[in-house]
């Protein structure tokens, strides 16, 4: 049963140095507040997992918190590069980072396998591309048709952190809008934290609402505005200007460090 | 793009003698009106596919419309046996019927494979049971862990027929309440029919609403009350008395035939 | 205080008691449903009820006739598709206890719900597997609820539908059996039931616990709640 | 009547025209999104727009900055999870046309969006595969929209991210290439663009169609709609 605690308690209870951590949210409901709390607590050597690294992981990589990145698309959507991610991969600054990359379909199915507690999932993909030789994918033969398919290994992060619009006092969570892989991430992880815009007396099921019952969540933490500059549909608006602004902030190492320091995110 | 037509036109255009037909609806939204129309049109030699055969398939089997039944649970839920199904299997009356049975998990994953257009799906199951030796299931070895898992073959019926609460004039469908495997059945089938309680100008997304866009459906046909004695949540009520009454009607061959004849369902 | 009750009522009450302190329970229709609803009324108001129709956290007021009754969907915390139910919830073992029934049960708690007689030419065609095989290997604890008769408790199943390894309790109208070294063993009899009576109604050689207990009769609270529930 | 326009505008207009008569299109952000919205305004109001964020049948009023903008979810016919998007919609080929971009494209329309330089020590780390590999093998027709330069059109990719077999059109700011016997061949140039200019900006030996066409310049309607759309 989910405990409702403060964000700092939730992060302290779940994220240790060296942990594999998935902060998910596919272009929506990105758990910025939780990621920033991980940085404030000074966590290092993390294996960061996320389909779409986005600004949050650029920040976490830029301060050197990550040992490894598991992902499928590392760009600033609609803007361009993630400069801190590039700097880490291209120049090892502030530290070298190991990358394990997949396609979106591969990552999504890795989460499906994880949520199902199956060791792998079957899909069509990877074959005939250089990805197949560079990442953790194998093949499996269909025992009915003989077709060779891709097998992707289950992803079971030690910690999954997602953001949602609301939870009730028992820790039952509801999110709506683009649902991404958040449910799968929570169900695949060994421990989970959901940050929410608000705690309500009773969840009222919404159109498109995805409910995650409190008894499969470890911690629920209120974090109003906790997905900004991403957004929580119906509550906050995506700060597109900041996404553009990040390109300027992050391009230069010193400028980036000054900005992160100002925000108290250097850990 | 779905054509909106009458029920008889939809059935005539899709269900031929000998076809494999899945009429789905997991204890809710069972497409009785469509199944009865199949009988009125006199279709025979059908391969009937359905997780939970229920009264509708008891009727279709009882008049001899089915050559084969693919299923996972053939009972009258909460009441007892499906007597016509039993009579067909036990005594070959009115004709012998071939059965291919699975577990619910197996059937559900066969539909998932079908909807994904993959040749099979992986799951844990069947091993150590007699089902494994009696049905169409094979094994696959996880290329990462070496674990042996069950592989179930894709189910791609020639026709899927489901019932939903409403459609708009473009044939976009919405159903809510227990969603079963209806979406998977429609996406897995070669041709699909959705019968609906009503046609509305505009779908208004509901809590728990499952939308199937008209462009993956072939025919939408109005059939108000079309899932009775099953039900359409929010519109009709399950006729539990009839489910109990069916036990009496179906127990005896002649009584059954008289009842079906009265209903004009002897084809 | 003594209260009159049937052994069927006691069977339901004993099944309900087994859910005290449990987090979640997977149930089908009939007596298992009644027992689980009774558990929520008397022993465990926070028990999460899961039906294979996809309703998780259902809170029905009446005992449902089918696992797809509208009230289950309307009162549930969430309603999921059947593939999601088996792949994300049952398979990974998120549901703690499962209540199952069966037409036949063997000394190792394996179950038959497929056929009586030969598979190709069955004497009685039963409904089939349904969700049972994966529920019985997915849930941590399986409780079988069955009538106690020689027809049900057999040395050898006509068809092995469902594996018995996870079965922790078999609750009948005569008593309770539990696995001891993998063999179902009578550990409890209902008040007024003799071991001989159980033996006569068991189709395999009955193992009996050395510390055989007698079930606590239904309390007034349990019986009143049960009867009120059934009358709804 | 002659209207002033940029070749970038014409590229968008030509991409929009390619969606006339199509049922559904998978799009990313940037020029593909603009082209698809323009197609819905001018050529094909019923075109179903699909974004990998899970929004199917999105009808955005403005060109979205990201594929996850709120307006996409709010205007969609349905919104699905990412696993469902790839497993039930993209993989089975339910979406007819895909618009893709790339940093490098080879003569067989294979794409690189992973790295420039060596994989282990890249000169430029690009965003990576995203949805492209499975979109490019799932959709029946793939349209690549790319700037025409020697850096983009290369003989040999630094990394093969995405396979080119299903590519039907490559639309650039200089013209259009189509596969002929599996090799990208210049079939159309934009008005005022010479074959030599295209050749100079192509990093592999350029095949040119014997029946080379010239693109129709944007109509007033197309150009007005495009400029109005971009100004929203």
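Remarks
Letters A, B, C and D mark the chains in the order given here, with residues in each chain numbered from 1 onward.
Please note the rule applied: a residue touches a chain if its C-beta (ideal position, glycine included) is under 8 Å from a C-beta of that chain, and two chains touch if they have at least 3 such contacts.
Model, not experiment: these values are computed from the prediction.
Considering every other chain in turn, the ones in contact with both chain B and chain C prove to be A.
The interface with the greater count of contacting C-beta pairs, when B-D is set against A-D, is A-D. Set against the Cα centre of chain D, the chain with the most distant centre is C. For this pair, chain B with chain D, the centres built from the Cα atoms lie 41 Å apart. In whole angstrom, the spacing between the mean C-alpha positions of chain C and chain D is 58.
Work out the mean CA point of chain A and of chain D, and you get 28 Å between them.
Listed for chain A are residues 112, 118, 123-124, 183-184, 208, each touching two or more other chains.
Counting partner chains per residue, chain D has residues 87, 91 touching two or more of them. Contacting chain pairs (ordered by label): A-B, A-C, A-D, B-C, B-D.
Against chain C, in their complex, chain A makes its touches with residues 1, 112, 115-118, 172, 183-184, 187, 203, 211-213, 215-216.
If you check the complex, the residues on chain C that touch chain B are 29-30, 52-55, 64-70, 72-74, 79-83, 85-87, 90-91, 114, 119, 122-134, 137-138, 159-163. On the chain B side of its complex with chain A, the touching residues are 118-124, 138-145, 147, 149, 151, 153, 204-209.
Remark: chain A residues 26-28, 51-52, 71-75, 77-79, 81-82, 85-86, 89-90, 101-105, 108-109, 111-112, 123-126, 128-131, 134, 177-181, 183-184, 208, 230-231, 233, 237-238, 240, 243 touch chain D in the complex. Those residues of chain C that touch chain A in the complex are listed here as 23-24, 48, 56-57, 77-78, 87-88, 91-94.
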